[in-house]
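Both complexes shown next keep chain A, but they swap its partner, so chain B is in the first and chain C is in the second.
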Partner chain A sequence: MLIVGELINTSRKSIREAVENRDAAYIRDIAGKQVQAGAGYIDVNCGTLLDSEAEVMGWLVETVQEAVQAPLCIDSPDPKTLDTGLSLARFGQPVINSISGEKERYEAVLPLALKYKAKVIALCMDDGGMPVTAGDRMRVVRKLVPDLVCAGVPMGDIYLDPLIIPVGTSDQAGSEVLETIRRIKAEFPEVHIICGLSNVSYGLPNRKLLNQAFMIQTMTAGMDAYILDPLDHTMMGFYYASQALLGKDEFCMNYLSAYRNGL
Partner chain B sequence: MLIVGELINTSRKSIREAVENRDAAYIRDIAGKQVQAGAGYIDVNCGTLLDSEAEVMGWLVETVQEAVQAPLCIDSPDPKTLDTGLSLARFGQPVINSISGEKERYEAVLPLALKYKAKVIALCMDDGGMPVTAGDRMRVVRKLVPDLVCAGVPMGDIYLDPLIIPVGTSDQAGSEVLETIRRIKAEFPEVHIICGLSNVSYGLPNRKLLNQAFMIQTMTAGMDAYILDPLDHTMMGFYYASQALLGKDEFCMNYLSAYRNGL
Partner chain C sequence: MILDDIKSATIAGQKAQVENGVKRALEEGLSPGDILDNGLIAAMLVVGEKFRNNEIFVPEMLIAARAMQAGVRIIEPLILAGERKYVAKAVIGTVKGDLHDIGKNLVIMMLRGAGWEVVDLGVDVAPEKFVAAVQEHRPQIVGVSALLTTTMPAMKATVEAFVRAGLRENVKIIVGGAPVSREFATEIGADAYAGDAGSAVEIAGGLVA
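The block that comes next holds the complex of A and B.
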């Protein structure tokens, strides 16, 4: 089970300001807190800064690594930015966020995955557009996974992201994702499955409740990695509770330890 | 999906005192509040009062029905008490809580189920004792369900209770129940599955968090009925959130309505 800390993202106001002011201390602080709270990877995303994305990525990666030795999740739609971030990532095996079945993106990002022997987050999407049903997603998965493996990416380095549509937009959006997870686990048991948790609740009230419930549901169906805010104590409490109840926490040791640490 | 309100139970101090004082107003109030909060059935249990159980059951059933017209879940290990409660239940189809595969209990309770055309909560347990694995439970289910159906209980009136062991006692206790639910849904899709939620967390800290997570997990696996405290706002909020995310709430109407009602 893998937690990717999502906080270092320039779409968040405090991070954008820290980047504008080159406030390295703030970035280091957020990176350190996420690792301390249980994040195994730190996501780094400055995609809102279109003009200076690659340069800022370089600065962020260096700055984060002054604070923590965690591996990084280099998060950009731009191959040049990915390359810059990956070339500077020093600790462990980095993650590329993300590749997809879209031809142009696939062809631009695959060489980076091979060059840096990186794990890849692979979106269940191709040039046909955003998937709606589990069937749409599996059609992409059944091409994307064999393609990646044939190209040299080990099965266990692939993290499929089913892509979450808000349940307020389509009331079957959650159940289609759960069905996708079950089918992936049945067909490709070695492949990992990851998602971000906030899209599902977009446009509805009490979003945290929905995000927490969706984490527990997807974990029950077989998802094994999350991009989330590890400083959200309730979310992390549910993470440990859910792991314990799924029989993935011997003697509930991690749950008890999380409780003692205030979760 | 069915919610059975669990609060009218003499193991709870306030209910025991209300029974001792024949405080009908208090019982009526708790019954009314549970129905208002979303309970479809009201459980009535006075099993702690061994000497006067049948008589108190009669009083409780009459008192509850002065306040609400909800069907009742008559909850006792004692056939005579069950008979008393069922004979007085006036609204809708009552539920017997519970029958099991234990020979003596099965033979004593089955005639009541047929006499009152009641739904039955059937414990996944026989004279071999408490089940541990999903296999233990399915061994009971594969005899108990056909036996009940052959005796004349409709498949859709059977609510199997997998029996929840604390995850603090056995760290696979939760996952064995989830596996049981999946197997029951695959083998007997018309049968319902029910449980109480508090046992799973016994002996561990922050029990509410574990109970909430276990509700979401079991609902994801296919459980469709719960015995719980409907006045617990957070639990009911997660109930509606989980239903919406599972695609069982058209346009998220129930979730939005619950939110407007303060959940």
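The block that comes next holds the complex of A and C.
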């Protein structure tokens, strides 16, 4: 099970300001809090900074690593920015966020995954567009996973992201993802499955309820990694509770430590 | 009154009732333009307002739009036979590299509901394609959507393509999408930022007024 802390992203106002002011203390603080709250990986995304993305990525990676010794999830569509971030990541095995079945992206990102022996988040989409059904996603998965493995990425380093569509605009969107997870687990049991938890609730009120319910449902179906806000206590509470209830927390030790850490 | 029935049925997303109401109104001798303006469009303006105020949510807006479209389908042939004018014209698309269409489609639906003629360029639209569409359709407004931090640079490229083509002064460019902000719109030289589909209609209306 893996939690990627999502907070260091320049599309968030406070991070954008911290980057503009080169406020390293703020970045270090957010990184530290996320690790303390249970994040195993720290996502770093500065995609909103049009012209200086690679440079800012470098600064963020260095700054985060002054505070925590956690491995990083380098999050960018730009191969150059990914390269910069990966080259500076010092702790553990980094994650690339993301590769996909889109030809251009696949060809640009794959060499980086091999060069840095990184884990990869692989989006279940190709040049055919956004997937709608479980079948659409599995068509991509059945090509993408063998391609990555043949190229030298170990099966266990692949994190498939089924891509979450809001249930408010497509009422079968949640169930299609749950079905996708079950099929991936059946066909590629060693591959991991990851997603972000905010898309699903777009356009509906009480978004947190939907996000939380979706985490529990996807985890029950076999998802084993999440990109989320680890400072969200309720979400983290459900995370530990679900792990324990699904028999994935030996002697409920993680649940108990979370309790003792104040959750 | 029949127009009020059409309006409230549209707001409630009751497709069959809207269809019946429109047919009945035509039988009673109301003009297609009257039904459109004071029944269907009036309803969608209320829907946009309620949406902006968080009184209703995306699925409710979708179902209302579906009901409106069912009504429009009945009167469209009659309207097209007449001389009815659109409010104005807009060309809308999601930028290159971005396949998200939900926000864009909501904006299109709301604009059409408000009486606009809209050319939908779809998703993954290259800057040159936006420019070509403006040359072809001559709209007053260009709507540009991006839902990823990673495709926001393509918005800037789109605005720049209009400058290069010498067409920047001919259109007003509105940008929108989850990661986009008013500051970003200003930074890349767009004319306006719209935070949701309801305000997009209001802002577009303001820009052509």
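Side notes on the structure shown:
Here is the rule we go by: the second predicted complex is superposed on the first by the 263 of 263 C-alpha atoms of A that agree within 3 Å, B and C clash if a C-alpha of one lies under 4 Å from a C-alpha of the other, contacts with A are read in each partner's own complex, and residues count from 1 in each chain.
Operating definition for what follows: a contact is a pair of C-beta atoms (placed from the backbone, for glycine too) under 8 Å apart; a residue touches a chain by one contact, two chains touch by 3 or more.
Keep in mind that this is a model prediction, so the values were computed, not measured.
Of the two partner chains placed by superposition, only chain C is touched by A:Tyr202; chain B is not.
When the two structures are aligned on the shared chain, A:Asn45 is found in touch with chain C, with no touch to chain B. Contacts of A:Gly222 after superposition on the shared chain: neither chain B nor chain C is touched. Once the two complexes are laid over each other on the shared chain, residue contacts for A:Asp171 go to chain B and to chain C alike.
With both structures placed on the common chain, the touch criterion links A:Gly32 to neither chain B nor chain C.
In the overlay built on the shared chain, the residue A:Ala213 is in contact with chain B alone; chain C does not reach it.
The wider contact with chain A, measured as residues touched, comes from B rather than the other of chain B and chain C. Once the two complexes are laid over each other on the shared chain, residue contacts for A:Ala244 go to chain B alone; chain C is not touched.
By the touch criterion defined above, A:Gly58 lies against neither chain B nor chain C after alignment on the C-alpha atoms of chain A.
In the superposed pair of complexes, A:Leu256 makes contact with chain B only, with no contact to chain C.
Contacts of chain A with chain B, set against its contacts with chain C after fitting on chain A, overlap at residues 168, 171, 204-205.
Considering their complex, residues 167-168, 171-176, 178, 200, 204-206, 209-210, 212-214, 216-217, 220-221, 237-238, 241-242, 244-252, 255-256, 259 of chain B touch chain A. Residue ranges on chain C touching chain A, taken from their complex, read 54, 57-59, 62, 97, 99-102, 123-124, 148-153, 156, 179, 184. The part of chain A that touches chain C in the complex is made up of residues 9-11, 45, 47-48, 50, 76-78, 125, 129-130, 165-166, 168-169, 171, 202-205.
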